[in-house]
Each structure stands twice: as structure tokens, then as C-alpha cells.
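Below are two complexes that have chain A in common, paired first with chain B and then with chain C.
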Partner chain A sequence: MSLLASASASGQVSGTAPGSGDVTPSRKRRFGIEQRRNVTGWVFLLPAAALILLMNFYPMAQAFILSLKTGRGTRLNFADPLWYNYQRLMQDETFKLTVQNTFIYLIVQVPIMLVLALILANLLNDKNLRFKGLWRTAIFLPCAVSLVSYSLVFRTMFSTDGLVNDMLMGLHFIDSPINWLGQTGTARLVIILGLLWRWTGYNMVFYLAALQNLDYSTLEAARIDGAGSWRTFWHVTVPQLRPMILLTAIMSTNGTIQLFDESWNLTQGGPAYTSMTMSHYLFELSFQKNPNFGYGAALSYVILIMVALLAAIQMKVGDKRD
Partner chain B sequence: MNKLRKFAALALVVPLSIALAACGGNGTASAPASTSAAASGPKSGTLTVWCWDPTFNIYAMNEAAKIYQKDNPDVKINVVETPWDDLQTKLTTLAQSQETKQLPDIFLMQNNAFQKNVINYPDLFKDYSQSSVDFSQFPQGVTAYSTVDGKNYGLPFDNGTAITALRTDVLKEAGFTIDDFTDITWSDFLAKGKVVKEKTGKPLLSGQAGSADMIMMMLQSAGASLFDAEGKPTISNNAALLKAIDTYQQLVKAGVFAEVNSWDEYVGSFVNSNVAGTINGVWIMGSIQSAKDQSGKWAITNLPKLDGVDGATNYSANGGSSWAISSNANYELASDFLAKTFAGSKELYETILPSSGALANWLPMAESSVYAAPQKFFGDQAVFKKVIEFSQQVPKNNTGAYYYEGRDAVSAAITKIVNGTDPSAALDEAQKAVEFAMK
Partner chain C sequence: MTRALRRAPGYLFLGVSALLSVLPLYFMAVSATNTSQDVLASRMLPGGALVENFLALVASQDVASAMWYSTLNAVVTTVLALVVCSIAGYGFEVYHSRGKDRLMSFLLLAMMIPFAATMIPLFQMFASFGMVNSTAAVILPAIATPFLVLLFRQSARTFPHEILEAARIDGLRELNIFFRIFLPTMRSTYAAAAVITFMTAWNNFLWPKVILVNNTYQTMPMLISNLRAGYVTDYGVLMLAVLLASLPTMILFLVLQRSFAEGITGAIK
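Right, the complex of A and B next:
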């Protein structure tokens, strides 16, 4: 949450920054009123700010200190050297594997999902489409389903005697059931399919909202100039959606790097850790195996650094405003 | 958004628990009701208990309460339903934050997790070796799970003795009886399993792919373990383990053992008559008996033993749980309660067995007439008596604090071996993984 908050907040801040510049000249003239306004503003901000400080930033600082400690359970001591846990992560084969898995999900799933969401949003934005509300609801609905229950349904569907195998066998595509969740490649595929199903509609809603704010005259102008629907989409719609695409890309990257439920519920990380995500490994280290909270905290900081780096890169690449 | 929130919750628990630790100060809190118990005579007070299964251990605890209240009407037992995963998380959080005041008096713990918790969080547990509970009346193999440095921290509750349960009607079709599968070796089992598969098309066993349960049962049957007495991992060059994995592979290859993906599929495989038997802890009988139409068609026997392994036996165990007394408990009352119920009441076990299938580890029950009663579902075999007899012969095995690390590493190794990696290389890798985890 805190990561999302800071990422999206900074996105918005840069968006509103030009406006705030105008206030400065008038500030000096009406000092008293301005100051009073400021105080009122801060008073309103204070409760939320204090809560965020206490509930988000304080634990984050504590977690960082924790990540410098080592030991099992309650017998924690400062590690020697202090960055021991981080060093250890670099040698941890299981951790490397989970990083690899997570990035496979990220690289394969996020682009497909965002493109799909963009296309769907455009289709559903058509002024002449009938039953628009129905389609939108249907595509958004997966997002209202609990992560755990959809994972369990997917697991049942993809079990050896599940719906998918029965269908494929009924259609004579395959002769014997595929062990979807028991093989590395197919297990990852099922997780990616699940993610697509669950999150495409969610991102589509962002694009739909952005499309509502799009000046219709720009589209009309393009059409009058003789642009086909593809050119209109690519050269007129997409550039105007760029801030929203950036936002969804950052959020999806965040979400995927912190992926937990699907890995936990669908495959339990198996077979042989090849579908386990970093967050799942972090949970396992802290709560399932011999509790190693220092090491777990170090892992969480590595995830944080990855998210921050990727978000920074995306902002750099995606934000073309001067 | 939701997945972010999930993660955030996770990330919060870690630092929060530390924050709490700071606030908690010294955890030597006085137990609220610990002084009220008198040395003798009827006792009074309330015992809070955490356990997880309404039809099984919660039911048993409530029955125990009724029995204890006959002599001690002023004692109340307050059972709080706490699923095992939650219980483990709660214990971890309470221990990290040193909020031991919030512990219940008694809680149930999976046998395989016992060592890990006692070793990591000794301040959660109360050593009750010196209490009125007679631990010698339980099989050594079972009390070993909850014994650390010679001190008893747990009273064994449900029995995890392993059984081989087979469909006698299917065996008959293939020309066998249950006796052909009693006191045999795995190579016998494999040969006979092939015949059954050929004649009836049914595998004898099934299990979750990538799960090490079967291997762990084979290992324990030979008194072997993934760890030595000092707790060092002994995964590479472990003859019993190699033999167990080899046996497992042969079973799978011959189609005698069908691999499935989830627990539900596993249970479904024998409930739907797709598989003609199973090997597991005795608690699997509950699932077997859910197929009412198969009444009278099942029988149980002991396990096959590993060929050519020193100390191999026909007996093993999987799972089971034990009652722990917390450091926050009203110790006098809690230990007296357990001594007079789970370690001293035939009536209790005779009540809970027929209605919930909760089989005792308490050895005096072997002579009970209820336990000797033939069970119709199992072709009038006196199955419970048999299991208690098996349980006395289960070799002790050392789970160690790193049991779950070891088991998961071996699970991963099995997956790799089935996909063609050389067994000893895969086990060396597993050994390294566990050694790394223990660093």
C-alpha cells in the first residue's frame, strides 16, 4: 500500500505541479489570510499525515533495522557485517529462482494485460455499442471476486480431471490429461492466465475513465482528416492516454512484483519452487519455516528497491512532458 | 490493488511485531489465575484452549471438559476455534512481540511443527515432565515429537500411525487378500500392485505430485530421518532416502502409484473408486469412510518395508498433534486436567472414537472393549485395536527444528528426479539448500 501510495502520489504531484507555481506572488501581499489558510490546511492534513507516519513510515524504518538483524525467532541480534542478510540473499538459489519467476510473470503478463485492457476500453467506448453497461460490468466483475476464491476455482478447473482437461479431451485436442499445475511451464501459464482474467477489467476501467475525458473533437478531427480507426487509435487516442497508461503500468508492475495470492493458492509455489513469487518466499521464510524475520525484512527491502527502480524507469520513459 | 494490500499487511506484520516488542517490555507477565488452584480437592478456574477442528479435536476437548467437570464442576473450558495456520501465525506473532499474556492455557500443535516452535520460542511453552501426566503410557515414537532436551512439552492427542488401507473387493478380483499385503516388502508390493493394475486397471495408491509425504513415511519406517541426532541434515548419501525415492519412482513408473495435484483430488481418487487403496496416517480413515457405498469393502494392514535398509520395519507415522501447555497457563489446573482426561480417561477415548474417529495414542486403550469392537466398514476388522498395536512399533524419528525445510527440499528434489535429474545429484542440491536455510 505504502509503495502504491507513494508511487501514485508522486505521479499526481508532478501532474499538479504547474498550477501551484501561480500562488507564490500573491502570498506575500495577503500574508495573514494565506497563513491562516495554510494552518487550516495543515490541521486537516495532520490526522492522515500522523497516521501514515505512524502506521507506514515508522514500521518501514523498523523493518529496515530488522533487516540488519539475524537469528531465529525472538533471538535476534545485529548481524556482522550489518548487511549480512543482503549478502546472503545474493547466494540464495531459491530467492534467485523466485526473482526469475516474478519477472517472467511481469514481462509476459503486464504488456499483454495492458494492451488487452486498452483494446477492450476502446471497443466499449464506442458510442453506438448496445448494452454497454452489461459488457463493462461483465469485464470488470472478475475484479470483485476474492483473490483466494478465484485461485481455488482456477485450481479446480486446471486439475488433472478438471474442466479444462475434460474440454480439451472432449474436443480431441489432447489424448491424455495435461498435468497443468504439476509442470513448470504450464503452472506458470495458468498463473498468468489467472492474472489476466482477474486484472484486465480493472485496468480497462482506468482507460475507460480516461477516455471519457478525451476531447471528442480530436477524434472527429482525425476522422475528417481521413485517418482510419487504427490510425486514430494509435496516433490520437493512445498519446492522450499516456498518463493513464503510465499509471496502470506502474501499478501493475508494483502488483506483480508483490504477487502473493496466486502463487500461494494456485500452485503453492510448486513444482519445486518454479512458480513461487518473491512475496510468497518472504512469507514462507517468516511464518512457515523456522522464523527468520531479519532475512524476511531484507527480502522485503529488496522488493521495495526493485519496485522503486522499475517505477522510476517507467516514469522516465513514459512521461514525455517537459 | 487488493494484492498490494495483501502484501502490505504482510510487510506490516514484521515491523509491527517489533514495535510491539518494544512496547511489551519484559514479558514476564504474571498469569492471571495461576494461584487459585488448591493442591487437592475440586478445582476451579477457566482454561482457554486453542484447537482447530470442530468435528475432531474441538469435539474431543469439549467431551474432555464434560468428564473433568463431573469431579470439578467449577472448572470451565473455553475452546476457541483456531485453524492451524492461524494458530501458528498467532504463536509467532505473540512470541515475537513477547505478548505471552495473550496465550491460551492449552493449545494443540502439529507434531511436525513442535520442535521448531519449542526451539525457537521456548518462552511460549511449559515443560510438564514433572506433572501428574504419565508420559511413559504413550508410544515413544510419538512423545519424541514434543520432547526437547529430555523435557516433555506435549501430550500426544491424535494418532498419526500409518496404515495401508486397501479395497478387498478389488484385491479379490486380482486374486489377492489383505494378508498378501501384510508384513511384506516394497518390492513385493510393487509386484503385486502391477498384477492388480493389470487385472483391474486400478492403481493401489495415489498421492500429491511433488509431496514428500510418502517418502517421509518410508523413511520413518526405517527409523531414518533427514536429520541426525545433532540436527544436522543428512539428505545426501542417505541410503534409506535414496531407496525410498527409488521405490517411489518405480511405483509411479509402474502405474501402481497415481500422482494427482491437490488434496481433494487425492481423496477423490479412492472415494470415487479410481484407486484401490492408500497409505497414510490413520486419520485418513475419516475420508475413506465418507464413501458410504464402499462399506465392508475396505481392510487395513501395516506398511510394506524398505528392501535392504538397516532397521527397516513395517510401521510408520504421518502427522498427528499434541497438546501443549503455554507459559501463560494456570499450570496446576491445566496439567491436572490433561492428566485426568487425555492421559487418564478411558471413558473419554471410548466416547470420541466411535463418533469422531479420534484414535488414542494412550496405550492403556489397547485393552478397551470399544477399541476391540469390529468395524463394519472395514469388513468387521477390529481396526482400532490394530492401529494401537502398530503405533507401539513405530520407530522414533528425529524431526528437528528444520523439518519443514528438509521436507520441502526433498519434495523439490523428488520433482527434479522424476523429471530426469540424477537422484544423488538432486539430493546433494537439497542438502545444500537445507544447510543454507540453517545458516
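Right, the complex of A and C next:
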């Protein structure tokens, strides 16, 4: 391909510069240019590739070795048996609880969010919609706020004497204030609501981008065939968006499994660990009280395996219906 | 009339979504100007306590320092990330070969590595270089991301080959073609990449929290998170700090919104 391009380039040279003598450069020389460009390409991508290898893959390998070690601080030795940390993890009730919490967030929040984002994107993609920019900006705006910031805003809003209770009481939905962050169910609910608020617009933008590239004639054809807007959306639009839905599903799963900021700032993992996420527990194990890097690394590898497995499952399901 | 009626549910849905999206942000902004009592009384109008809250905040926290380190981290990360990742994406696409394609697919796997799984060894690595509590340690892991490289590789795909060849014929060196021709034509991709990187860097919490052990170089997210940890929370002061921590990214997003959308989409009219 690039050889072809350079051939056409030399053709241009002979066209634009008549009388330049030798019109066809020797084969050897052309090969030299190709090779030099190949090397240039490697040089261009080297810094990024080296950084990604050093900051992602290398630590990942290190974490696995670390997960086989035990000890405090910097005095670490290989455990006996090697998988001791993993064994211990399987009996760790707090760990099991944080896995359960994380999966509740994942299973409840991700599907609702993606459906909402799809509906919003579809509404915004309407050519005759008015105030389009206004809607889009408003719905995407939560993404401009940091996770810590919104966690603290939600914490304030959902405090016992906070805005949400005041509003619900004003509307006579409830008689007495709810202790949102003090009870397991409602604390988890607040985290889910927070996640929906923060990320729906983000996913909507991806769907909007995919909708721009949609084959418009298929929508027209569906309309001519008499399909209603709901059926057109479900049978024509959604199948074409499947690659993007797959991508957003994987990204959201990945993000939710690693949830930290909300657990730390919004509920502080409470009450009694019942809203704590895996990453939050990992931080507590690794960098608070009595840091245990080996045990933390084992936990981090469980997170890694979960991310990989879920992505693999999603890719399999996402591809199957083709 | 019937058409307008048919559209009503759509507008209603959009309206409610937009309202719910903006409400917490409005509450945050308004509460920054109210006293703690007024915040808890759910006052939804601007009050007169802005200066009071500001003085209380500055008296208890080194906001200027946190703002400075947040800005420094985010700006340096963004500039370096744009240069390193865009030239890599360009290199992968324009000079593509089988080896480079294979390397790219391998690097993309890094998108699947959760940060949690690299955090402890990264900390150890920087500790062994004596770089705990340094800004460099905050920035270095954030420079090269497979996502940005991919974004620039995709945009390099739309870079017309004729322009490239014409520039070569004009005798431009490869590096100059990149800086003088590719870079200016891909402005919207750069804008999108800048917004994403700046926001991620500014908002990053877990890694700075891990690597910045003492609070000398703490960033805004760390500062507001620590405010929460106090025994008595002054909600007016807290919301003002949260507002200050959020303003830069919100302004950046609003200013670059259009190019951001364009860069992500490829082309919206």
C-alpha cells in the first residue's frame, strides 16, 4: 500500500518536474526510503509504547508476583503455599461483601444507564428537535464535574436534613426524613443514583456519535414500510448501534468494577462496609492501618480477572447475534 | 397539533432529564453562597455568605496551593499526552506495517488493565526512585494511554495521503509534516483529546491520594475530600470548595464543547 503510494509520488515528480533527468529512481533507493520511513514510524510511536509498557504491563506483571508474597511493609517473602493470599481472600467476609456490593452496582446501574442513554441519544438525534444544543449540554454537564465533587454534593443533598428529604417531605411523599446514608439499602441506592447522574450523559455522547454515522436510508425504508417510531428504533437503529453498545457496556463494566471515589467520599463504605466497593477495600488493605501489599495485590488481581472475564463474556454475547 | 402532541413525551423526557442533570450543580453553586444552616434548610436562592465562606475556607485550607498543583498536573499531563500520543497514533497509521499493527493490538489490551491492578507496584516503583510525594509521579502514569493513541490513529486514517505525498515532494521532513501539516488539520481531534485528558488529570483522585503521602502537593479533589473528613462540616464552605474544584473543568468543557463533540464524532455538521 505505502509502496504503491510512493510509486505514484515518483510519477508525480516526473510529471511536475520535466527534465529532471532520471525519472524512475532505482529500486534500491526506493527501498531505502521505505525503510527509513518504517524506522521513522517506530521512533514516533516509541515514547508512547514505552510508557504504556512501563506504566501498565510491567506493574501488572509485578502485581502478580507480589500477590504470591506475604509480609509487612517492604519485608516480603514468597508465601507458603504460593496461593496463600488468594486462599485467605476466599475466606475474607469483608472481601465477599465488597464483591457483592460492587456487583449490585454493576447489575442494577449499568443496564438502566445504557437504556436511558440510548433513549436520550435517539431523542436528541431527531432532526426537528428544538433547543438541541441546550438539552445536550445540560445532560452532558455532569461529566464535567469530578467524581469527588459530585460525591460530596450528593452527600450533602442526601444528608438527613438535606435537600432530597426536604423536597420529598414538601411533596408529602414521606412524613419523616430518611437516613439515606445510614442504612444499607438506601446508601447503595444513593451510589447508584449518583452513578446514573454522572455517567448517563457520557454514554449518550457515544451513542449520538454512532447515530451520526447511521445509514439514514434504512430509517427511511422502515418508515415507508409503515414501521412506527418505536419499532424503527428497536429493529433498525439499535442493531446498527450494537458495536457502540458493546463498547459502552464494556467501558461501564470496567469503570464500575473499579469504583472508588464514590465509595470513599459519598458513603465512606458505610454503614459497616455494606456499600464499600472492592477498590475501596483494596485501598484500605494496601495503604491504611497495617499495609499489606501482598494481600492487596491478590485482591487487585481478582479485580483484573473479573474485568477480563466480563469483557470476554460481553464480547461473546455482543458478537453472537450477528 | 397532533404532531406537537406526539412529540410531547419526548420533550417531557428531555426536560426532566436536563432538569435533574442540572439541579445538583445548581444546588452546589447556590450553596457556595449560603451559610451552612441555609444549605441544610435547602435554600435554593443565592445568599450573601460567599465572602464569609471563602474566608473560612482559605483560613482552614491552602486552597491556592491545591489549585496550583491541580493546574500544574493537569496542564503538564495534557501537553505531554497530546504530543506523545498523537505522534504515536500518527506513527502507527501513516507508517503502518504488520509489526506496528501487532504492537498496537497488544497495547490496546492495556485498556482492560484496571488501575487497581497496577497501583501497588507503581507505588513501589516510584518509591524505589525516591519519587513519592512528587508531582512527576502523579503525571508520569497519565501521559500515554492506549485510548488517546487509538483516537489519534483513527484520525490519522482520515488524513489525506495526497497531502502527505505533496509535502514530501516539497521536501518537508517527516517530523515537520507531522507538526506543520497534520497537527493543524486535526485541530478538533486535539481539542477532544485535550478536554478528555485535562478532565481526567484534574479529577484524578485515587492515584494522587496514593502517591502524595503528605498533603504538601495535594490537589483540589484531595483537598475537598479531606474537608469532608472533618468532625463538623460547614456545608457552605464545603460547597464553595467543591465549586472551585469543579469550575475549571466545567468552563473548559463549555468552551470546547463543540470541538469536543466534533472530535469524538468525526464530523457533526
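Just so it is clear, the second predicted complex is superposed on the first by the 278 of 322 C-alpha atoms of A that agree within 3 Å, B and C clash if a C-alpha of one lies under 4 Å from a C-alpha of the other, contacts with A are read in each partner's own complex, and residues count from 1 in each chain.
By our rule, contacts are C-beta pairs under 8 Å (C-beta built on N, C-alpha and C of every residue); 3 or more make two chains touch, one makes a residue touch a chain.
Please read all numbers here as calculations on a predicted model, not as lab measurements.
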Please work out whether A:233 is in contact with chain B alone, chain C alone, both, or neither, and reply first, second, both or neither. neither
Applying the document's definition of touch, where does A:289 land relative to chain B and chain C: first, second, both, or neither? first
State whether A:103 touches chain B only (first), chain C only (second), both chains, or neither. neither
Looking at A:270 after the superposition, I want to know if it touches chain B, chain C, both of them or none. Which is it: first, second, both, neither? first
Greater residue coverage of chain A in the superposed arrangement, chain B or chain C: C
First, second, both or neither for A:279, with chain B first and chain C second: both
Looking at the overlay, what does A:86 touch: chain B (first), chain C (second), both, or neither? neither
If we overlay the two complexes on their shared chain A, which of chain B and chain C does A:51 touch? Say first, second, both or neither. second
Shared chain A footprint, chain B vs chain C, residue numbers 2, 55, 58-60, 62-63, 66, 147, 155-156, 159, 161, 254, 258, 260-261, 279, 282-283, 286-287, 293, 296-297, 300
Partner chain A, residues of chain C touching it in the complex: 10, 13-14, 17-22, 24-25, 27-28, 31, 39-42, 84-85, 87-88, 90-92, 94-97, 100, 103, 107, 110, 112-125, 140-141, 143-146, 149, 161, 165, 168-169, 174-175, 178, 199, 202-203, 205-206, 209-210, 220-221, 224-225, 227-228, 235, 238-239, 242, 245-246, 249-250, 252-254, 257, 261, 264-268
Within the complex, which stretch of chain A touches chain C? 2, 5-6, 8-9, 12-13, 16, 37-38, 40-49, 51-53, 55-60, 62-63, 66, 116, 119-120, 123-124, 126, 129, 134-150, 152-157, 159, 161-163, 166-167, 197, 200-201, 205-206, 208-209, 212-213, 254, 257-258, 260-261, 264-265, 278-279, 282-283, 286-287, 293, 296-297, 299-301, 303-304, 307-308, 311
Residue positions on chain B within touch of chain A in the complex are 1-8, 10-19, 21, 88-89, 92, 95-96, 98, 116, 119-121, 123, 209-210, 259-262, 264-265, 268, 401-402, 404-405, 408, 411-413, 415-416, 432-433, 436-437, 439
Write out the stretch or stretches of chain A touching chain B in their complex. 1-4, 55, 58-63, 65-66, 72-75, 88, 91-94, 147, 155-156, 159-161, 179-182, 202, 251, 254-255, 258-261, 270-273, 279, 282-283, 286-291, 293, 296-297, 300
